[in-house]
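Please go over the structures that come below.
Two complexes, one shared chain (chain A), two partners (chain B, chain C).
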Partner chain A sequence: MHRNLELYGAPLARFIVVGVVIALCCWGVYRLLRRFRVGDEAASGYALITPWLLGLLIFAAYPILFSLVLSFTRYSVLQPPEFVGLENYRRIFTADPNFRVAMKVTFAFAALSVPLGMIASLLTAMLLNTNVRLVGVWRTIYYMPSVLPAVSTALLWRWLLVPRGGLVNKVLGGLGLPEPGWFNDPQWVIPAFVLMSLQGAAGNNMVIFLAALKGVPAQLHEAAHIDGAGWWARFRHVTIPQISPVILYHLIMGIIGSMQVFTQPMFIRTPGRSGLFYSVHIYRTGWEYLQMGYACALAWVLLIVILILTCLVLRGSRSLVYYEAAK
Partner chain B sequence: MLRVRALGISIVGVVFSIASVAAVAVCLSGCRRQPSGPSVTIAVWGGAEEIDQFRSQVLTSVRRQTPNVSIEVIYIPRDYHVKLATLMAAGQPPDLFYLSDEYVPQYAELGALLDLTAWIEGDDDPAVDLEDYYPSIVSNYRWGGGLYGLPWIAQPVVVFCNEQLFAEAGVELPDREWRWAEFVEVGKRLTADLDGDGLPERWGFVINGWPPFEMFAWQNGGDTVSADGKHVRLLDPKCVEAAQFYTDLIAKYQVAPPLDVVTEQGFSELFRAGKVAMFMGGAADELDSVPGLNVSVREVPTGPDGSRATFAWNAGLCISRGTADKELAYRTWKLFLDAIQHWKIPAPRRSLAARLEIIEPRKAHAAEVIRSSMTYMRPFRVIARQRQWDTIMTEEFEEPLLRGADDARTLARRASPELQMLLR
Partner chain C sequence: MMRSVFGKCVIYLLLAAGAVFFLVPFVWMLITSLKGPEQAYQLTLGLKPTELRWQNYRDAWAALPFTRFLFNTLFITVTATVGQVFSATLVAYGFARFRFPGRRVLFVVLLSTMMIPSVVTLVPTFLLWRWVGLIDTFDPLVLGSWFGGNAFFIFLARQFFMGIPVELEEAARLEGASAVRVYWHIMLPLAKPLMLAMVLIAFVAQWNDFLGPLVFLNDFDKYTMTLGLRFFEGSFMGEAPKWHWMMAMTTLMALPVLLIFFVAQRRFVEGVSLTGMKG
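And then the complex of A and B:
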């Protein structure tokens, strides 16, 4: 007993202190808010979310801001950071051939995977929005692949897209179509990753589209039908406008997600730099080459690119998205 | 007054419940034994089986010799160097750690490694007798005049030959004098179209970036980097010639399968499946003990003029410069180094290479070939930015070369400027 206390006493005491500090923070927040005449219920609420807020500040906000600071330094991970001003940013745009390659690869992937993914999600959702028997079972079956771990699906797709003898090429060959080299051919690497990404079409995106389709008022369809609108006209002039906020949401989230794709290219070897996605470039630079300051600068450039794209999409969508609440 | 009215519970109670749960959870997940006496931590890589062997053959031996020292082993099965760097960044570097030679210059330059020169100079322990080590391997642990570790393994590349396939093709196993031309000739005779569809199903050899192109360059009298380490020599005619030979094994001589076949069917799996007759692998590889295969081990072919060279992957044991008790770390480092060298083969010490078959009886049949290969083995000429060098070499030169994207000279011309930037 005494020996256990000797061995584990110090760390145990440290952790108890941390726990007590968190508790005191909660208490302090409550007292502070009450002093500023915040209501008892609201003050209690803020006090109770204080641990979560602390976690957000310490484990998310602080690292994000610290990475911004590091982006202005030369930081090898093994040595303290050394301030270099804008040198890392200058290097990105003038002396890093991989930056351009990674941007090109990532943009090409995003340009193909985002619209195709949205179309596939919407079509799947429409399919599962029909009145067929056992629709709940079908929805579950369609959703299931999206809960598989990304690494295992990456390996599965690697196997499906084997040029000689892979299932996809066997089907293509059987139909008399050309059999691409997929991950072995630099020209087909991006289409192969796009094809992989479509698996996610039947996941969360599909569920959100399904919910949006369910929310389209039936009377609008009926009115259009009475006016002689066919299936396509109703889809084009009723469904699409009604679900346009969800389409915008998917577009923005799709752009963000596709610009940050990482797991699949990390686990699938591709010829040369044909599969050098931007996030992989950041990871390599930071952890393999130990140039963490430069990797942070790359990450902030990505953030700015995503921000610009998002702003452009939001600006361009003003006249295209229909908000019921705004009418 | 301190009540969440809707729930009717005391805020004080909630706050302290959260604190208690957090404290207990963190305790349960994060408690780490704090040793009271002298202690040493060592970081090692390896899968489950290797780690079991490390425990039984290395750790037990070291603990027996240092009963008063508490030894903590940090097993890192994957992403070893990322985790090692993270430990260092967090200010908790292990006292001792494995490091493959390609990382030594970078870690040394960044001040993460303890310079062992002074420690070793006055030490007559056989484990640190530099005369006993193969100098070509030790040279990669030197940087800027310091010595930052010693290797515990150096695996020369040797050729594993499937005797049954040789016999079926009526080809004799090569002797140690064979040259590139004979290697190609043997490869051609071993390559066979078994089903008559015009495409081979069995090959003489297999290549996918391994063995490294550099080995062929050395055999041809070339090198990718100048002796002073300041200039890229990829465009040197000897290098270009070797690179062309390297890719011709697939495209021109057709003694090795195309890359997509290797990707689909697996690299060493082709040899294990009896679809490839000769495989160049590390001396410690267990391809000579695959059930159902009768495998002989031979030396790699010599260059066109008989020059001998083989690549040697190697790894060493280093000490963190930030270790608290350097004397203790050095003493334990020697014990670990010696114990690992008596476990792993081939150790890069002549005295241990001489006893290779005693240390590992399963390699007795190949011991002479391995010993002979060790006399001319070479590691890469490593630089501080070796990881970047490797990436560029693979992505911009070797891989497109083997894929037949362009000829050797064009690819060498394309890759050289970027490689040269790393040597600045």
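And then the complex of A and C:
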């Protein structure tokens, strides 16, 4: 009993104190801004985002700036950092063969897994949004893979995709299809990872798509139906525009997530550098070769690549995404 | 009539084909969890009924203090999830509905915080928590999510709020209701289906988190379930891997989450008050 109080009571008390402090900060920001004659709308807006602003300073700005500083140093953790200027960045673009491999692997994975994952989860959500029987059971089945810890799914897929005797290849062979080498064949490593990712991603994305599909007004579908729109026309001109904010969300999250895949490639051995994802490259550089400064530089390059991609997507989508409130 | 029957058949066929693909790892896990130690590494799915070793579950649970691990995991999961869902929706409401100088820039900053590879912020973050003296407590695993929680959720909730027509809150705002009141009494009830999805996602993420507990917890008494699982993987304590135990524990960990999902998914179907609001 005493141990339980010590284990859970003390942290809980701290959490409540932190919660109250955050609330007081919000209130303080509002009062302060109002005192300086800031309008009610702007002051409320700032007050509402105060928790995030605090978190930004503590849990994002500080670690990120710290890693930026480290990216200009040689830092082995054991000794204090030593300033080397732009040397790390020069090395990335001219003297690191693994950098190009890692970029290629990561981009290939992202280019396959993002669109496929999106189509798969949207299709699943739409199938589950119809009036099928036992809809709860179906939904739960499709959600299953995403509740398993990554350690376990990596182990399971290593078994399933064993080239000789693995279940997947047995099925393919039985159907008279070629049996790829999956994780043993450099050509098939990326498709194997994509196959794995489809299952895990589909669960969570399916839930969000489902929530979005439920939000599409039934009247719109009925009106389109009365006007003689077929299944495809309604999907194309009613469903897609209505859920376009959520599609944009999935696109951006998909790009960001797939560029940072880490756990699965860490647990699955692949031949040569065929499974050298960018995050794995960063991790090995930093934690295995103890080149923290260089790892930070690598991370910053990745950060900028992702930032550019996201900006392109946001810009390109501006005319394509429909917001009810913006009307 | 024929057409709709045909359509139904296609839907069921597609659903069943997908279900097989999604069920295979799960079935494999169940079967391995019932195998003896010497068969656990075999690739064949085959399992004679005489070999069902239900005691794997009891043995695995007893091999380590899993009851303690369960309470630790529950504590972290619940507190972090609550903090994440409420703070993320609050911040998202601010971003979605209030015009203030710098909003666009801040939102781009929000998006870019998601792009930081966690491998790299880990060390500075660790140093920060060590400086506060809260290493080997649950705080580093929970408190981060009380500050706007998760940028993913803020983005998601903002998208959701922007899809809700403004008329309702405008009326309330004109009558002088504060932003927090509108958030609590109007926005949150509307966002119920979304919050349910967020709770599920946050819960699963915390429940299965591996890296966080690995880095921040030292005391065996504070370990979580996933850290316990790792002991069966084989690379620790110089013992033979116990994959049958690992799969048994994974099954036990997955069951409550699946149960919660199975119960909660009905809410998506029924409780969407949003639909009537539009148009």
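Just so it is clear, the second predicted complex is superposed on the first by the 265 of 327 C-alpha atoms of A that agree within 3 Å, B and C clash if a C-alpha of one lies under 4 Å from a C-alpha of the other, contacts with A are read in each partner's own complex, and residues count from 1 in each chain.
Rule of thumb we're sticking to: a contact is a pair of C-beta atoms (placed from the backbone, for glycine too) under 8 Å apart; a residue touches a chain by one contact, two chains touch by 3 or more.
If you're wondering where the values come from, they're calculated on a predicted model, not measured in any experiment.
When the two structures are aligned on the shared chain, A:Tyr289 is found in touch with chain B, with no touch to chain C.
Looking at the superposed arrangement, the partner reaching more residues of chain A, out of chain B and chain C, is C.
Using the contact criterion defined above for the overlaid structures, shared-chain residue A:Gly55 touches chain C, although it does not reach chain B. In the overlay built on the shared chain, the residue A:Ile240 is in contact with neither chain B nor chain C. Within the superposed three-chain model, A:Ala108 lies out of touch with both chain B and chain C [touch as defined at top].
Of the two partner chains placed by superposition, A:Ala229 touches none, neither chain B nor chain C. By the touch criterion defined above, A:Val18 lies against chain B and chain C together after alignment on the C-alpha atoms of chain A. Within the superposed three-chain model, A:Thr130 lies in touch with chain C and out of touch with chain B [touch as defined at top]. Contacts of A:Gly181 after superposition: chain B is touched, whereas chain C is not reached. Judged by the touch definition given at the top, the superposed model places A:Ser76 against chain B, while chain C stays out of reach. In the superposition on chain A, the residues of chain A contacted by chain B and by chain C overlap at 7-8, 11-12, 15, 18-19, 22, 41, 44-45, 47-48, 51, 162, 165-166.
Remark: chain A residues 6-8, 10-12, 15-16, 18-20, 22-23, 26-27, 30, 40-41, 44-45, 47-48, 51, 76-79, 97, 162-166, 181, 183-184, 269, 271-273, 276, 284, 287-290 touch chain B in the complex. Those residues of chain A that touch chain C in the complex are listed here as 3-4, 7-8, 11-12, 14-15, 18-19, 22, 41-49, 51-56, 58-60, 62-64, 66-67, 123-124, 127-128, 130, 132, 135-153, 155-157, 159-160, 162, 165-167, 199, 202, 204, 207-208, 210-211, 214-220, 245-246, 248-249, 252-253, 256, 259-260, 262-263, 278-279, 282-283, 286, 292, 295-296, 299, 302-303, 306-307, 310, 314, 323-326.
By the touch criterion given at the top, residues 8, 11-12, 14-15, 18-19, 21-26, 28-29, 43-45, 71-72, 75, 79, 83, 87, 90-91, 93-101, 103, 106, 109-121, 123-125, 128, 137-139, 142-144, 146-148, 152, 154-156, 159-166, 178-180, 183, 193-194, 196-197, 200-201, 204, 207-208, 210-211, 221-222, 226, 229-230, 233, 243, 246-247, 250, 253-254, 257-258, 261-262, 265-266, 268-269, 272, 274-275, 278-279 of chain C touch chain A in their complex. Contacts from chain B toward chain A in the complex involve residues 1-6, 11-12, 14-16, 18-20, 22-24, 26-27, 30-36, 81-82, 85-86, 88-89, 106-107, 110-112, 259-261, 263-264, 385, 387-388, 391, 395-396, 399-400, 403, 405, 418.
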